[in-house]
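The chains carry the letters A, B, C, D and E, assigned in the order they are written, with residues numbered from 1 in each.
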């Protein structure tokens, strides 16, 4: 555990939290190859629930076994491994203490027709404690007609997690009737999503890399009036990080669908340049053969902390 | 803390409350430049949640950092600072004891399509206690099809807050299918909104400055029959204050969208003349450069207590 | 407190209740000018919430102050004063012990468009205890699509109130998609409303004076077959009182909209002749100047107990 | 109390129940003229709530007083008296110990328009204990779109009742969008209704006498294939009783609308011949003059235990 | 109880569970003719609730009595017997300790019209403990618009069951607006259903034998791209078992509608060859005469452990 001055500085932004929660945040920041740098790379594997095991693991069948992923997170030196209840239960005892665990407490599948996107609560703060996790993870869909229920469930979970010394990671993915498909990753929407998660009390905020696009007319006027640059990914990431309490909340970025290595590296460079605190990288890692995944994660970490 | 005879008189209107709640009301009334006068100016910053960080803070980027606002409230001598959970958590420890804090426990964003306006519960009475706040703040939308749920959630929060020694500030903003867009700030509607908040047990009621307009036909007849004046803002404010237990509840007014300084001053004068207990001023303050904001808030306070 | 043989007889109908609840029922029956007669006149002031302060209090502006009403109830010798949370909180400490208080724990406003009439729960049994009340008051709307929720909320409140030694007063006002506008006060509907409230465990039932009109076809046949008279108000009141356990529940009648003194007196006479246990009189009292209101209430009481 | 070998045999079917619940079942089976025979006749009076006091009691106005019915149950030697909360509260203390009481904990009225039939919960297991009852009674409407909520509420009540030593009587009345009006009493539907109530953990099941009619096409094929007779009432009752764990749950039958004495006697004979455990007889008893009602109930009991 | 090395190996996959839950899993795996082999045959009888007693038991009327089935499970050497509350209550005391019991805690009937398939909760973890069961059983319908409520109810039950030392068996039956009728047993959907149940924390997963059919276009591409065989039942079962944590969760298969013996045997062989952990066989067993059922179950077990 590397609790460097930078880690202490970041922890100082969470001064309303209990020593228990600060300890778990410190574990997140102090573990792995990036430990102590203030940067994070997290391996999340909830795609089995979200898209089915087949689509998630057929490209690299070793991944059908949840322990594969946890071992990959350890061996690659990730800051943490995130997964839903079932996957976590398989390996929690075996891997105890080897890598910080984030229990993804809500999940969604793609078998049902959905009007108002909303994940189901699938595990609890008590489960996270029982399994030795440092944090819970929760997805909100701002823009959904069901957002209020999500915010309110998250509120209750967050209150409980903080009382019991855990950290809270929020996946903030705008989606639903209020937002166009393209607009889900518009720069204004991404910034707004980061702000909402920050206001809801998240310690770590996960958003998607924003595109050079503005969704809301009111926002467009503001970007223009104040000549806020949005051309490069770094520009846009800067806006998103600023939107999360001027950079005083940890904001990390997901990679989305699997893609080529070069494309990934270019994106990570943009994220890092814009001030991202790191990446959460799932399919791009675990769908590759193990050796390639280890190399990729290593390369990504090098960009964040050269 | 200036606990003057006027403050004691106001506290006497809340004789059903516990010493704990009276103490926190006294803190609200006894702090800042207006401390002891029975008047209040409060700085609320929930616009990041309501409209996004961009639209709220781009005009004065220092505001992306929540601590900027809390410091502004302290330096300008406001009676209190109000904010949602996330913003409050950033600064609560640092600013402990420097200014009364109001935790805004419900919030709404503008990313989703909404039929029945309703904010989400985003924090709790326990959070307010944990963060050292003197009060919770809650928004109701009378006129919304979802108003009953809001009144009932507020009822539970109010009961808990009073039991635990906190005060309750209610933002009463009529809105929804039952009311025309213009009618949201009609004088009859504003008076009704103040009455509802008072009956729901609010200690402090926040409404919008009423326009010279009557929304409901039944109310129109009454204004005419009893020749109740509504021409000047002072006239209308008088009616609203009277509607809150004949002036025995603290009624303060928000400023709405950012506007010019003169316009603001004219409005504050009308409010003060009509018997308003003060103002809650957000965007008009924090979107200005700090020096201007300090001057503006100072000028506003001077009108309330020359 | 006049605990006469008649009061004891009435209390004997509530033999399943605890001494705590019987004590509070005795207070209701033993207080005021009608104390000990088994008759009641109650002053209810929830119109500020129901119709707005303006429409309720502009005719007699002293009424904007809730204490005005409580003092009026005391000075006129009413059995009790009923009001929502906010109004009650203003005066509860000041008037402690001077008049039995009934906390109206649900309320409705007229700002929203409503499909299924349903009041919001606005205070609690714990509030009633805290404020020194003898009873809670609750409105049900039989005929509403939302009636079941109302019956179930009332069930929970009633169970709690009885466990904690309070009495329960039910406003039973048929309304909603199942009933025509006129039918709301039809004699069959009024009798049914009284029966429902009695079965739900109410100690005191408040209904509207029934009109000479039968709403339901099935009921019409029964009135005709058994030649049950409904021509005079006394006839109809007799049916309603009989419908509440053959007169073994306290049934009182509201007066509805403000009207002329003679009209009121004629109605009270009909109610008294039909066996009503009393009246609950709001707007007709408090919208008059104080001296007139005192006289009116005195005259009404004289009719019930000459 | 006649705890005969037959009663002990019946109790042996409930071997998963606590001594407390077995004791109350024994009271049901051991009381009244049929005490010890394993047969039951119960007097239920919830029609005041279901159809209004007028339609229920105008034919025999003594019935407006709930005590009339409880006395009738005692004097006629019924096994038990069933009623909603209000009626039960009037007489519970006065009649303490004279007849087993069943508190009907959910009820429905006929003032509202209803899409999905569903009764409201109107009293509780705690009420039943407070009033000295041996059982709670609950109505489910299989076939209603709201059936799941009813099953789930019943589940919670049943768990609580069993934990606290009470028995559970389920009125199983198929009704709603899934079933034709005629089909509500079809023999397949009646058997299915009995099975559902049995699986939900009911100790005593109340269904309507089944007609010679099959509602569901799948069921029709089975009746035909296995040549299961349904021509006589006895045939059909036999099927229904068999459907409740092959006769190892107590199944009793209601009489429905008031009708002539001969018609009733013929029906009771069919029920008895088919193996019914008894009848629950309301309007046919209490709408007759007391002497006639006593005679009728006596005659009915004679058929069950000659 | 045969706790063989294979049983211990299987138990090692559940290392996050308490000794209490492991003990009950060991009972499931160590009992009956297949005890110790790591294979299971379970007799489930919830068809009385699902299709009515008539359609379920008319073919073999002995089955109307729930004890018939429990005795059949014991005599045939099944690993466990599963049933809803009512059936279980009849026999739990009599059969105490003779066979592991699985309480089916939610159920559905076919009397109502249903848009979003959803079973009702009909019993509880506390009931399972009270009745001496080793596990609860719960049905989810992935693909239903009401799936989230089901996942969330299951989550709460699973948390409670694990805390109290019980195992959890999940019936995962895709169904609802999101899936075509045929697609309910498509191979991709069956694999997805197994994954969801595994992620929700199930110890034992029950799915239907998958057909050679792919429902989702995205899945089709993956099957083709990676040339995953789906032609034989064994192929498809292999995919389903792999989808449940690469075979590290117990996956068993139901038989569906009653059919001929040869057809059954062919299916069981395919299941066994594909790596199924066993079968759950209801109608195909209990609708046969007892001797035939015993023989059939014996033959099935022989296939799983020759």
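One rule holds in what follows: a contact is a pair of C-beta atoms (placed from the backbone, for glycine too) under 8 Å apart; a residue touches a chain by one contact, two chains touch by 3 or more.
Please read these numbers as outputs of a predicted model, since none were measured by experiment.
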Task: Mutual neighbours - chains that touch subunit A and subunit C alike - done: B
TODO: Go ahead and align subunit A to its copy subunit D using Cα positions, then give the rotation in degrees, nearest 5.
DONE: 145
Task: Whole-Å separation of chain centres (CA-atom averages), subunit A against subunit B - done: 36
Task: Distance from the mean Cα position of subunit E to that of subunit B, given in whole angstrom - done: 57
TODO: Pull out every residue in subunit A that's touching 2 or more other chains.
DONE: none
Open item on the list: Going by the contact rule set out above, which residues of subunit D touch subunit C in the complex?
Closed with: 48-49, 51-55, 58-59, 61, 64-66, 84-90, 92-94, 107, 109-113, 118-124, 126-127, 130-131
Task: Residue numbers on subunit C that touch subunit D, as the complex places them - done: 13-17, 142-145, 147-149, 151-152, 155, 159, 174, 176-179, 188-189, 191-196, 198-202, 216, 218-219, 222-223, 225-226, 228, 239, 242-246, 248-249
